[in-house]
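Below you'll find a set of structures to go through.
Both complexes shown next keep chain A, but they swap its partner, so chain B is in the first and chain C is in the second.
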Partner chain A sequence: MVSSFCWGCLTRLPSAPRALLPPTLTAQRVAAFHTSTALLAAKKGASAPKYRQGTSMTMKKKKRPAERTRPPAVGERKALRKRIVLSNPNALEIPDMKEVSNETMVDSRLRGSVLGLPVPMLDQLRAVQAFQPKQGWSIFRRPGTVVRRETLEIARLIDGISGEGEEKGKVVKKIVSGARATGKTVHLLQAMSMAFTKEWVVITVPDSQELVTATTAYAPLSDENPNVYVQPEATAALLSRTVTANPVLSKLKVSREHTGLKAPVPAGTTLEDLAKMGIKDPAVSWNAFQALWAELGAKSAAPGFEKGFQPRPPMLVTVDGIAHWMKESKYNNVDVQPIHAHDLLFVRHFLSLLKPGTGQSSLPNGGMLLYATSASNSPTIPTLDVALKQVAARQAGVRPSAPEFPHPDLYAKTDQRVLDAFDSYGLPAPKEGTLELQTLAGLTREEARGYLEYFAHSGLLRENLTDEWIGEKWSLAGGGVIGELERIGRRLRVNTA
Partner chain B sequence: MAWQTSNGLVHAVHAVRRTAQLRPLSVLSASTPLTLQQRQPARGYATEGSQQKSGAAPEIDFSTFKNTPSRIVPVSPAYFSGSPKFIDHILNLEHILAKYASLPTVAPGTAPRMAWFKLLQFREVVGEPVPTKKYKSLLAILQRLNRIEPKLMPDEVQNAMNVFLRPGNPYAFKPVPATLDERGVARGKGKRKAASAVVHLVEGEGEVRVNGQTLVEAFPRIHDRESATWALRSTQRLDKYNVWASVQGGGHTGQAEAVTLAVARALMVHEPALKPALRKAGVITVDARRVERKKPGHVKARKMPTWVKR
Partner chain C sequence: MPPRLNLFTARAVPVLRSSATPSAARRSFTTILNANRPCAATTNGLTTPLQRRCNSSGSDGQGRPKGPTEDPLPHVSEEAAEVSKIMDKKCDGAPSSPELEQGTPVSEILRRDKDAQKHAPKVMQDQMNRPSGSRSFSTSAFRMQELQANNNPSSSSDDASAALVANMIAQVTEQAAELHPGLKFPAPAELPRTENFRKRYDTVVDQFTKTIMRDGKLSKAQKNMSFVLDHLRTAPPPQINPRRRLVGAPPASQLPLNPVLYLTTIIDSVAPLLKLRQQKGIVGGGVSVQVPVPLTLRQRRRTAIMWIVEASEKRRDSQFAYRLANELVAVAEGRSGVWDKREHAHKLATSVRSNVSARSGTKNRMG
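After this line comes the complex of A and B, so read on.
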């Protein structure tokens, strides 16, 4: 029904001053004549009894007083988390345990036994962060590693490269892959211990994730190259690791001029001092690293620097967890777009070693590149999986034009830069090996027996190690996965009898 | 109007009943030689003048003489016992047992397995409230009869026993025992909770794959790995067989224990003699428990909502 009230007449009225108009409150509409009480009641609000609400008994929680204790100092928690204990005085000492040395590392009779790491080398290994927490070093008297088939293979390669034979100066490039807890990181550690035995220069990136999580400083390289970035602090840390772990650097002298550093490098400067320039001043750390890298790859001295030139030792370069480098980093560029990890110079340098280009050698004095994937801490990157399959296919001799050559999914997003990082083109230098994929799996039964005997000798395992018992544990460990064997071996057995 | 009163209605019903009674008599009379005079009038009112029969009674025809007893005797002597059919059965079986008691018998375990009626079924068949204890005594007699040497079993006993068999003897058809296939693979199935597993067991070196993954990848917990391989481990066969399992549904525990059951069944195909050992290891018995359903008005299957005052 249309109201007979004329709204148009009302709107045409001159507007009254706002204060004169009564406020249109609901409560007031109810009782138009008694504005004051209604307004007061409305103001008071929630005094009406709540008939419809449940009145269950609620226990009022007492507020705890705020904790007065001081939080731990900055970095203390991380230090505790990253603490590495390498010895357990309660574990039994194994009297006839052998150490890694020039003779034992290539001795195939020692396969399956546990070789101890020499005590003087432990500081070097700590410096390159070869040990990781939660690897179970703290349950034994002294750190040691099992000699498995892959260990012996790598030992022979290292021995050949540093020897005087045909293999001298060769470059071996491997990507270490495998399931969780199959010993990839320890495999790198074993290679490092052998390299230190042979007095190689060892350069490591123990945690590749740190470089892409935007936790260290970054800056564009220069005004000419604004799209590539250096990470001064991370580079300084790398130099620091390298200097601490490689005393051999103090014997080597510079062989050429280096620009880009704050002061000219005089002849006779040791490589250690060269690196320390970068450590002291992170602003030039990238240039210092490049200078150091050029020096380590030098085959002869430039004129004027011949005095005291020594041939450079082979190098071992290891990177752990390369999957983090195969995606966009957490860094942003000027346009607030994420920077691809391959645009970080640090990352780019280490990835470029995989494919040095025609006639080039990534390590001119020979050596080994060992890049490991991680199965427990790694982002899912389908392109990397395909790239690794392609590496394996090339290693098996499958041509890229063959139908069985793996290709990325056509309907998935493919990162071409990742595929290109592993796709070597051109003819490499004669001593340069091809990129190989090494997949680690479980130990064999004999190796598992040696490993579990090590537990028994250390007093951790009180079992009669029969073949059946070992076979059973081997099966339970998913076919001798070494990390699982360790979990089984260290499980406390409580005898109820 | 007299029809509408109650009295008139009664009269009418009486009248109808009388004619109905008389009509079959007239039909019967067609076979018996009766004269017209002997016929009863259509309406037998008492006030009507009845025609007196004249002469002697007809001769008694002994060929049609009906020997109706003065008192009806029940067929079964147990008629008044309350459960006559059951007692008849018992007496019949006891009689048969006494008759053939001298026949040789076989050991109790070796007699053919018979699916006798369950108590409730038997009660339905005889239609009497048979007590449990008495039915057990009947079963005891049946089992004793069943133990008679099968070659010498008389047909009479067999027929008597067949009365008490459930229709479609469930024990008559036994599944064919599983055998290895031509590649030496045994197949076993198992279920636990919501998981069901199929295991292919073949002689080997102790490799275990679950859904194509290794044991470690499939079961991160050591306990689950141990329970999945328990059938092999408890019989010291873990390093003598390879396991290829595919599991669906459920969680880690359910999947692991479904694999256990399936492995045990597959292992029994390879080595049937291991059954006692496996039973002792607890991998033969099926755990048929499933999640109890949630009920309306409950928070979970049994949990009730918190009590609230008003």
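After this line comes the complex of A and C, so read on.
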């Protein structure tokens, strides 16, 4: 339907006079008297510059989705971290691989070859924690170690000490040092395997750091000696390691009376049972350890205990990472002052073995002390460096009064207790060697060849092992540093593009 | 087009000097100025503005202005010589004017100019003093050889042995040339890619490591990767599912001894060939349709790695490396859901394969 009125007429209408129109109710109309507030009010919410606010762009943080999986059980991750796998069933078996035995360990013709560790011995070595998680045992069919010059040297010493010759009952004290990944810990392991072969008693401290990081219980020794501390749990763990690893202890009987334990030890008790007393009750573990140590050093039986007395075997004592013992521990005393590591009786006992024994040698039945430094996990202790240099100088025959004898920096803080720990005053007992420093370096090229051939025989390395290739890898490994050789050996060279 | 003669670097600039013969100078100067105007007609020094077309014909020769090529301009140096002849009075072949002959030998100039002879370089002076035909070096090497060959035709015993040796050398050279064309010594063996220290890892291992990297922590990713490779090395060989075989793999028992190959095989076996792209504007109406697109090798592998990492997230092992390693073994044994993903992706791509031609048709229409 067409609208009856015309738009043209509407547009031509004269505009109505203002007074006729109803007033428009705008804000300005209402408050015409003063306009400022009305204008400002109209501008509210418009995009006026905000002077009080930062103008920089802010980014919203993305919210992470909540973790749905439950966290792993307590200790599970540590167990995974510390897990040691000694065999890879996929690796090829080497048919003519020799094992560590009385004959092979001193055979210099085997230098450069890899000797397997006997399977029954693996439990013992595991018990003394000779293997470390990152040593790469898990890629071979069975664990083995390469025979290097230092291995043969130590094998001859061990052979001599347990033999019947003039070396019998000798005490060798060595500090094993060297650059990172040069095989210090494996050197200790080789010594342990030889000692187990010779049926020695092996006592080890595989992780010296555990004793000073305040993670294990400690207590003053007694009311009379409030400034020295025992660590019952750690001592019990040491006894446990020793008992598990050394079946020899079950054949040896006590040779004297022992006080300090809860019950008197009757004659005929085996050393294993003696140690187990300490394992069962950590409160007496330190006393039990002292009793065990006295028994292992006994040369004859006290009256009343002669029945069934057997001569004690030599001992191998190893400590890995001694630098942690050369500073103040994380433990506090009653005055909330840090306790020096040398005030812990456990540490003090093992460090005192380095000094010449009073009257008799520190290991009366002979044996060997091997204390290794660590290059990957060790605090920086300048005094220890000087002390080791002094050991080397004394070994080279430099007198302490000589000008070339190394001394600590006069303007640096020197820990005199550390210097004294390695200082051997007085004369050593007969058959007791002085402290020596053994510095490990890289393998020779022949030894490196044997080691890399071991990789090739195991099917891990697919190369033509020429002299040129081996020399190249030897150089790449920093002059035959064995840890680096291992990394080269397990890294696959892939020919595909 | 730049002017042919740069007025500001000319040797004699007529504008800046007062001249005794202004008309001649002006003429030449206008010649210079008009050089760039092909249509400008010059008559007796007067320039008439012409409306005529340049190439028009029919005009007589006299009044007709000359084309650009009909009256070639004199050479720059001729012009300069003319200018200097006008400007400088002593224009008698003196060195103030440029030499008009192209390539006038220096020796000729020196010969006629005693003053220049005195100041010539020492080498030239020596040359001038020396009798011609004597050189400090010999140029008669070929003639000497010919002479030697002609003089000793009789020494046959030496010749025989020398020929033998020469023969042997030629033979060896020929053999070498056959073996290594263009090389004197055997070519060095080609270094594998992984021997370069910047690319020391295999391609797949490298890609996998970078894909599992989070927050730029490459070292952590490498640690996880080495755990995964060690797990593949030590885990028991996979029980291959006959329906889901690994593509191009050696027997399963050999896989663990080459973990890199093992990993590559796993990834390549579950890598999809195609992906679907949502594309608008093919069928019109603003509707987007799915178009299957082929992937490159690296893209295929990346998709497979992402799927594997995704699937590993659902595992219950406590650590990422364990989850990943177990998932990889599951893929190798055909237990993983990644295989289904691949099949699904391929099925989808097949079902929408008609869109590929639609897309290409659109392109043709547009182009």
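Here, the second predicted complex is superposed on the first by the 426 of 497 C-alpha atoms of A that agree within 3 Å, B and C clash if a C-alpha of one lies under 4 Å from a C-alpha of the other, contacts with A are read in each partner's own complex, and residues count from 1 in each chain.
Everything that follows uses one rule, which is that a contact is a pair of C-beta atoms (placed from the backbone, for glycine too) under 8 Å apart; a residue touches a chain by one contact, two chains touch by 3 or more.
What you see is a predicted model, and the numbers here were worked out from it, not measured in a lab.
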Inset, instruction - Quick one: on chain A, after the overlay, do chain B and chain C clash, or do they fit? Just give me the call. - result: clash
Inset, instruction - Kindly classify A:Met97 by the partners it touches after superposition: chain B alone (first), chain C alone (second), both, or neither? - result: neither
Inset, instruction - Quick one: classify A:Val106 as touching chain B (first), chain C (second), both or neither. - result: neither
Inset, instruction - Look at A:Ser475 in the shared chain and tell me whether it touches chain B only, chain C only, both, or neither; answer first, second, both or neither. - result: first
Inset, instruction - Could you look at A:Leu152 and tell me whether it touches chain B, chain C, both or neither (first, second, both, neither)? - result: neither
Inset, instruction - Quick one: classify A:Glu484 as touching chain B (first), chain C (second), both or neither. - result: first
Inset, instruction - Using the touch definition from the top, say if A:Ala179 reaches chain B (first), chain C (second), both or neither. - result: first
Legend entry - Single chain B stretch clashing with chain C - from 4-12, 22-30 or 76-84: 76-84
Inset, instruction - Show which residues of chain A both chain B and chain C reach, each in its own complex. - result: 491
Legend entry - Footprint of chain A on chain B - complex, ascending: 206-208, 214-217, 222, 225-226, 229, 233, 236, 238-239, 306, 308-310
Inset, instruction - Provide the residue numbers of chain A that touch chain C in the complex, in ascending order. - result: 69, 71-72, 76-77, 80, 85, 88-92, 138-139, 459-460, 462, 491-497
Legend entry - chain A contact footprint on chain C (complex, rising order): 192-195, 200, 202-203, 230, 233-237, 256-260, 316, 318-319, 322
Legend entry - Sites on chain A touched by chain B in the complex: 54-57, 179-181, 467-468, 471-472, 474-479, 481, 484, 487-488, 491
